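Below are two complexes that have chain A in common, paired first with chain B and then with chain C.
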Partner chain A sequence: MRELELYFGPQHLGMVGNLSITLTVEGDRVVNAAMNPGYLHRGFEKLMEQRSWIKNFPMVCRMNILDPDSMEMIYAMAVEKLAGIEVPERAHYIRSIYLELARAGSHLFGLWAYSNMLGFDTVAQWAMYHRDLILDRFEELTGGRVYHIYIWPGGVRRDFPEGFEDRLVSTLHSIGGCVPDYDATFFNNRLFADRARGIGVVTREDALAMGAVGQVLRATGVDDDVRKIDPYAAYDKVPWDVHTSEDGDAYSRVWIVRNEMIESVHMIFKLLDAMPKGEVYNRIPNPFKWRIPEGETYVRCESSRGELGLYLVSDGGDKPYRAHFRTPSYTHGLTILEKALKGASISDVGNIMMSLYVVAPEIDR
Partner chain B sequence: MAKGSLLSSLKVARFLFRKPKTLRYPFEKKEPALRYRGFHLNDWDTCTGCGNCADICPNTAIEMVEVLDLEVGPGEKNERPKLDYGRCCFCGLCIDICPPGSLRLSRDYFHTHFNTDTFVFVPKDEKSDEETFLPAENYSILKASLTHRKRDYEGFSSDLSYALFEPERVPMPEVPPAERTLSFVEQVIGYDREQAVREAERCLECRLCEEACPAHMKISDYIGAIYNGEPEESLRKIYEDNPIPSICGRVCMKHCEDACSLRLRGEPLAIRWLKRYVADTIQDFKSTLEQQPGEPTGKKVAVIGAGPGGLSVAYFLRLMGDDVVVFDELSGGGGVIRIGPPRYRLPLASIEKDADHVASLGVEFRYNTKVGTDVRFQELLDEYDAVYLGIGLTVSRSTRVENADKCRLALDFLRKNKTESMSKVTEEVIVIGGGNVAMDVAREALRLQHMQYPGEKVVTRMVSLEDWDEMPATEEEIEETREEAVEFNPAWGPKKVLLDDDGNVSGLLCMKVKSVFDDEGKFAPTFFEDQEMVLKGTTIIEAIGQGSDFSFIPEDMLTKLRFNEMRKVSVDENGMTSLPGIFAGGDIVNTNLDAVTAIADAKIASEGIHKWMTRSR
Partner chain C sequence: MNDSPMNGQLKKKLDSVFRDIETDVSDDGRLTIHATKESVLTVLSLLKDEGWSFLQLVSCVDWIKQDEIEIVYVLSSYVGVEDGPDAKGEPYAKGEPDAKRESILLKTRLPRSEPSVLTAIHVFANAEPYEREIHELFGVHFEGHPRLTPLFLDREYKIPPFRKDFDTEQYVKDVFDSVPPIDEES
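Entry: the complex of A and B
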């Protein structure tokens, strides 16, 4: 049969985000897939070299629209490490609570994208609505809905407002009460299971060889989570589980996302109980004079998509000399996706991409 | 993982009968959170126009614009931030850096307009813009925009505990009051390098201080150099405008700190102590500054008075290449600064350090030479191309009450302590006056008492016409004097000096003050004649103000010397008096009566003198 080159870009309903793939197809089958990164290039890493340490804060979060908070966290961690800034104990707890809330919000957003793409419009609307409830809490805590600019070096930008904990708990309860509905209509739904089982399988060997992280790696049975193996914030202060699966297919990955959301909510409850009182912010140096001693560092955290790394270099100046992000979507969206797409049906291209949880802005920094 | 069923999703059907979650805007409105980051608010009354918000904005969305009809005082600029909502990302950095806390974000976020220019605007708040900010009953969400906003709708606002600046200064180590009153040990110990760098780091570089400084010193630059660990560079910056940093670093009246934007909700930057740190850290000014006198011009200038003004004029003129000779009746430099400030505040060594540097440039100092007696004024006019009068206020005024001739005068008391041996004081001293000189006298007398009567009960009493809130001395000085247990008697006026049978001073009869100033704010004290009090004291020192001594100027010239309505010598924009070739500055010209204003006068006069001497005739 004749091979055909098919451009699969943002104009396609199955593509979420500004990403494009050049597919070589034979009939309905994908023979080869070539990713075209650069579609969404905004030059964040280069821009960071031209802005002072503090001015980068409102920007780093924009590198990942769905999960901006891990970006704030990792930049704060790197800056704190380079500048030797201590963080108060309570701020560690607030950071963990905040990041888990962000993870749940990000997963709900991802669930919207995935279910919407598959045609499960009802689930998509629920997920979007529930994410909005979480955004309300973020608005209350930080003043912003999407970009919170809340984690600073030295702690967090404001303490919990009056009565925030109760409202947070009740919001999470109301979302958690809908888990049976989600299960019935989506996760346990045959229509979905048939679309996702056995699709986009990534073997454990491939996952390890190609640098998979997060749900993609955990879906192959590898028990890997930065929050466990290299704990930061308050993740070592309360017990919690890492969820894995064995099949390595789209269904396993989404199932892990579901379980992680529930785990995040439970973790927030535990953290709220264990949280100490006290300061939440150690004042950073005057931003107009702030220079960080010469040095370089690599820090990592677990974003909602897996291990996120930042290599940050200071030449002793008032701006980063170099910032380089190692983002989960980079490996997932390029090498792993290209391999997973081989032999897949055209109708599954978006399905596989979304199940790998690829978010385009993370690829193009 | 449960087994899936095709039918399980039918459970969703029940949602068909529920109310929709979507809000029907604008009929149903969602109230933003209390910390919501919406449009800006700016309180124009507290905004100083410092521009820190514009400096920190990551998107250059803020620009400072000049507001021409805005009245501004010291520490303020007639500029206000202008926002461009095409660029703003509502991060709120501007809020957390705002020193007065005037800039805030509101919970408003609606603006729809065909014209994109309307997205650029200068924020105000309900206090100064009643037309835009409407009370709830006049507000309609349907008209919501940048020009139709809700009153009392503040969102994300400033919180000092999370501010991006440090409101508290690094504490200055000082000798405690009980210890320092026993000797003339310098009270302020001074910052060490670590403390100085930490304090210098607080500077936000808004430069409001530079406007306020009479000499317009490059404060931001020299503080920046301290922060960078370069005190040498800092000293060079200081010497561009001020040749007496050791003196000013101790006794400057610090107009700059009164203008510092950090003072609004915290403590001002310790600019004076940082200058002192630089002056004290660098041992050898000459090798650090590497200054050379300018190309010789062959012109000669006589400077009368080696005070702050005289030293400065000599320094600036010498750098321009003129030959300068400074005459002073005292045995060293400093003028009134040499005799006035007690040694616990300004040690002689600090004065010598500054004067020595000026001398090292080739300025000739003729000390112990009083113009009028040792050298005639006319000789100076004949021999030199120009004369600078930096004579200051050297004569203490007396209250002239009955038996006032038995009292001592402040400057004579202070001068004697510096130039001859220490005065003998008695166990009970009364100081009349409420100004800085009076405080100096009282504190110096107290130290002498402790030294002359160790272990015995001694007391120094102050009596001033002014009440606490009108006392002319600086707050800091009053506070320190009180710390040292000097007894204050504010709002009492002297009526008569009481004598014992041997004709020695035994006390002061005082009467209660009704008011110090008249309706026009002029000094015209009135008293309750019937309310009297006797203060016991065997030494009385009068410190009620100083005047100057022009007796060295020949009568015929003195009549031509013009004075203004404040009884100060009138000078033109070049610092020249009504007598050609005779220039003046300092306390006889300005009303600030401090060293840094004398430096400012000297700078103007030195340029004036140079221009006048080298003019084409």
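Entry: the complex of A and C
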């Protein structure tokens, strides 16, 4: 049969975000797939070299629109490590609570994108509404809805306002109360299972050979989670579970996302109970004159999509000499997706991409 | 996390196998290996066989004052991958988190005028887009890479845009200030 070239995205119903794929198809089978990122390349890492250490905070969070808070965290961790700044105990707890809330919000956004693409419009609307409830809490805490710039080197910008904890718990309860509805309508729905089972299978060998992280790796049975194996913030202070699955397909990955959301909420409750009183912020030197000693570091944390890393170099100046982010979508979207699409049906291309949880701005940076 | 004993063993092994590399363990226990352009891929393969089988990042730094470009490979390992009962057949087995989770930095320096190094995609498949990106943004050639086509950008640049001597502000002025205002156009 004759081979055709087909452009999938950036304007396409199945394509959420600015990314495109050049598919070579034979009939409705994909023979080859070539990713075309770059629609959102803003050169952030270069721009960071021209701004002082503290001025980069509003910039780094914009690298990942869906999960900006992990970006703040990773940059703060790297700066703290280079400058040797300690973080108060309470700030560690607040950071973990804040990041888990962000993870739940990001997963709800991801669920919106995935269910919307599959045609489950009702579930998509619910997920977007529930994410909005979480954004209300973020607005109350930080003043911003999407970009918060709440984590600083040395801690967090401010403590929880009065009564915030109660309102946070009641928000999470009202979202958690809808889990049975989500399960009945989406996760346990035959239509979803039929469309996702056996789709976009990434084997354990491939996942390990190609540098998979996050849900993609955990869906192959590897319980690899940076929060467990290299704990930061307060993740080693409370018990919680890493969720894995064995099949490595889209169905397993989306189920892991569901379980992680619930785990995040439970973790927030535990952290709120265990949280000590005290300072939330250690003073840093005058940010306008702040010079960080010469050195380099590589730090990592678990973003909502997997291991997020940052290679940060200082030459002893008032600005970073070089910053390079290792984002999970980079490997998932450029290396693993190209392989997973080979042999797939055209109708599953969006399904596979969304189930690998690829976010375009994170690739382009 | 203190992983000096583990890194100490590896450091010894590397020092005994290779003559043209320098190894150094920092205060917080991170192992950094400086290799020559010729030996970097061999070191990379050896590290993979030793269990550092997760390539986290390939990065690049432009050291303009030394007139050199530095390629940095950041390596780590998946938990327990190498501890399985039959490590050859079963790539992953559940194990206690161990010191190997700390990343290793492997570096090589290239001349700034014509930087070129062998591609690492035969050792690590996920090096492919990183090398494409470094080729595009820093002008480093990776010998044997099957598609060093542009990844992000659609314009040609005289100086690769992430090098230190590329003036971003001047570039913005040159490109975007030259568009005539709308009222003059008609």
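Note that in this section the second predicted complex is superposed on the first by the 365 of 365 C-alpha atoms of A that agree within 3 Å, B and C clash if a C-alpha of one lies under 4 Å from a C-alpha of the other, contacts with A are read in each partner's own complex, and residues count from 1 in each chain.
Definition applied: contacts are C-beta pairs under 8 Å (C-beta built on N, C-alpha and C of every residue); 3 or more make two chains touch, one makes a residue touch a chain.
Bear in mind the structure is a predicted one, so any value in this text is a computation, not a measurement.
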So, after the overlay on chain A, do chain B and chain C clash or fit? They fit
For A:Arg157, decide between first (touching chain B), second (touching chain C), both and neither. first
For this session: Would you check which partner chain A:Arg283 touches, where first means chain B only, second means chain C only, and both and neither mean what they say?
Result: first
Mind working out whether A:Leu208 is in touch with chain B, chain C, both or neither, as first, second, both or neither?
second
Of the partners chain B and chain C, which touch A:Val31 in the superposed model: first, second, both, neither? neither
Determine, under the contact definition given at the top, whether A:Arg322 touches first (chain B), second (chain C), both, or neither. second
Exercise for the section: Considering only touches as defined above, state whether A:Val179 meets chain B (first), chain C (second), both or neither. Expected result: neither
Check: With the two structures laid over each other on chain A, which partner does A:Tyr311 touch: chain B (first), chain C (second), both, or neither?
Finding: second
Tell me the contact category for A:Thr122 with respect to chain B and chain C: first, second, both or neither. first
Vertex chain A, Cα centroids of chain B and chain C as endpoints: angle rounded to a multiple of 10 degrees is 80
Note to self: Taking the superposition on A as described, I'd like to know which of chain B and chain C A:Trp255 touches: first, second, both or neither.
What the structure shows: first
Min C-alpha distance chain B to chain C after superposition on A, in Å, is 14
Within their complex, chain A touches chain C through residues 37-38, 41, 43, 45-47, 50, 204-205, 208-211, 217, 221-224, 228-230, 296, 298, 300, 307, 309, 311, 313, 321-322, 324, 326, 330-331, 334-335, 364
The chain C residues in contact with chain A across the complex are 1, 30, 53-57, 59-62, 72, 74, 78-79, 81, 91-92, 94, 97, 101-103, 105, 124-126, 128-130, 150-154, 161-162, 166, 168
Chain B contacts chain A in the complex at 1-6, 8-9, 11-12, 15, 21, 32-37, 52, 55-56, 58-59, 89-93, 96-97, 105, 155-156, 159, 161-166, 201-205, 224, 227
Chain B partner, complex, touching residues on chain A are 51, 54-59, 122, 129, 136, 139-144, 147, 149, 157-158, 161, 181, 183-186, 188-193, 255, 281, 283-289
